[in-house]
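Input: structures, listed below.
In what comes next, subunit A is part of two complexes: it sits with subunit B in the first one and with subunit C in the second one.
Moving on to the complex of A and B:
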């Protein structure tokens, strides 16, 4: 950032650019210094900060649950164990409610992972906007975004992962032939409606992962953007700073609901999509 | 010239999204209150369904808001 105080546009711009690692225009691999360089890197630029935070939080989640699972006692559970049991039972109830009790080894752990992992990633949004990026700036790292789910790559990556799982189960349960013919016959099984059905089914197939991932991204991105705008208030006079402080507190409290809700909805939709993949009932 | 066009586009994007989610969530919570009024003991289950459908109704408008904020500030 320039020596003098950055303009509001620069401030926002700075807080929205990821730490990208990719191929510079002159062919050398390295970290991008400016947003323009990131654009030049094109598709193969890896958002290192998103990776760090998402993988780090994933490891934190796995370690935490493994430790608690190892020390789980049938006797009086400790508070930590209660917390994990609440999460697991919550996931279990939702799965039996929506998916039923069909034997499936993937959906249980997958849903728990998605719920807790996405919740942890969203939780990063409550950290004050300037805290960690400024610390990273002092450490010489120019751009550092700490909320992985405000990066469409992360959310769409997860939703595409779920989409691949849905296609896998469709083919495994229904068989490739039935799955393929399903595209053509579905809403209206009359032969002359086949092209119309096909377009409808393809749009439906594509819209699911897209809206699934972009919903999480949109919510978190808008939430973080408002945090950044509130942070801008601090730099303009004492009255606005106090008002900004209250606004940040109020928005953070409301944002807690959004964080939990979006993690829950992301999990529920994963279960719903997997249930649809298992539907073989002739209707 | 170009910046002002982006601002107008972002404004329209956010405004229409707001209208959509406003009406949708208005109707949704109205029906939810009717359901709870009719059978108060179902309130917990209805509330879960309310939050799921609220997020689904809210999906496209909040994506529109996200894109318009990106266009206005970060483009």
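Moving on to the complex of A and C:
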């Protein structure tokens, strides 16, 4: 908020800018004051707000679940334990349906972490768009985005993490040779089609983590954008402000669905990719 | 839309969270759930077992009670036949006794009749003699008539 009364464009721009810490073009390190400065920082910048909120929510999730897990009893569970068990059971059910009952100690906790963590990060979208950023502004912080999943860095970071795991399992299950030759022999096992296969498989390989991460980002970014546009109505007269209040409520209700759905989709895609990595000898 | 170090940071924190979840969250929760599932399965099995046992016990009890009923009926019929037998016996005894009493009484009656007859005979003979005396007025040889009268009374 550079001026006293920002224009709509400035307002939107402000809400879509992360708090970045990085290397300025003159070589010194510090917080970026404007979106242009962030762009100039290039790769060597870190979105402090994204990191604070994602790590904070991750710790919240793990602390909650760890306390419950420590006290977990095989007897009659309390309501808090029940809540956690519902999440665990939901994840287990989905894994059994897609992944099957292959022994794997990673996929369960991985899916649970994704489901709950992504859900919590998405949930921040329901906090009124101006509440925390404005509080931060009053505290002297210029930019402060509170929904980590509207930052492509966050979603791509996770999807690439999953991608690395997929590559690991591909090599572990199929062996490095079969994994490598799979790039040229699939999907058409004819020698003259090898170059074509290679292009297809590479695109397929790269598209997976990219679409995986960008799908979550796109949905949440769009949702956040609509909240910001609705928030613009508040400064356009009493009638539009009341209308905006109603719109915000309606969109928030609808957004609850998107929040849950996208967390679920991210998890189920992770399971699907890992299942593909474990499958040998078909296609 | 700036791709920067945040992505790497996010990836690292993601991995740390997953590892933490793998070590401290997932195993105890799934363990507790598995144990509970086992306990419930065992409980259900035990309940089914108990139900079977109950059924068997019920069957045994039914058999026992039928046997008891049969035994009771037998006892009752035995008692009934014994009772009627006793009654029959009593009846027999009673009729015997009655017969005996009747015969006794009959004897008494006969005796009494004989006695009465005897008495009557004597009285009649006396009366006859008296009558005859009065008719004859005069003395008659009492002795001779006495013999005759005795003969007469014996004939009566």
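The working rule: the second predicted complex is superposed on the first by the 279 of 283 C-alpha atoms of A that agree within 3 Å, B and C clash if a C-alpha of one lies under 4 Å from a C-alpha of the other, contacts with A are read in each partner's own complex, and residues count from 1 in each chain.
Basically, a residue touches a chain if its C-beta (ideal position, glycine included) is under 8 Å from a C-beta of that chain, and two chains touch if they have at least 3 such contacts.
The model shown is predicted, which means the values in this text are computed figures rather than measured ones.
Aligning the two structures on subunit A places subunit B and subunit C next to each other without any clash. Which of subunit B and subunit C touches more residues of subunit A: that partner is C. When the shared chain is aligned, subunit C comes close enough to touch A:92, but subunit B does not.
Judged by the touch definition given at the top, the superposed model places A:154 against subunit C, while subunit B stays out of reach. Judged by the touch definition given at the top, the superposed model places A:50 against subunit C, while subunit B stays out of reach. Touch criterion met: A:105 reaches subunit C, while subunit B stays clear of it. Across the overlaid pair of complexes, the angle with its corner at the CA centre of subunit A and arms to subunit B and subunit C is 90°, in steps of 10. In the superposed pair of complexes, A:268 makes contact with subunit B only, with no contact to subunit C. Within the superposed three-chain model, A:70 lies in touch with subunit C and out of touch with subunit B [touch as defined at top].
Shared-chain residue A:60: touches no atom of subunit B or subunit C. Closest approach of subunit B to subunit C, taken over C-alpha atoms in the A-based superposition, is 8 Å.
For the contact definition in use here, the subunit B contact set and the subunit C contact set of subunit A share no residue.
Touching subunit A in their complex are the following residues of subunit B: 51-52, 54-56, 58-60, 62-67, 69-70, 73-74.
Against subunit B, the residues of subunit A that register as touching in their complex are 9, 12-13, 16-17, 211, 214-215, 217-219, 221-222, 225, 261-262, 264-265, 268.
Across the interface of their complex, subunit C is touched by residues 18, 20, 22, 38-39, 41-47, 50-51, 54-55, 58, 61-62, 65-66, 68-70, 72-75, 77, 81, 84-85, 88-89, 92, 105-106, 108-110, 112-113, 117, 148, 151-154, 156-158, 160-161 of subunit A. Contact residues of subunit C toward subunit A in the complex are 1-11, 13-15, 17-18, 20-22, 24-33, 35-36, 39.
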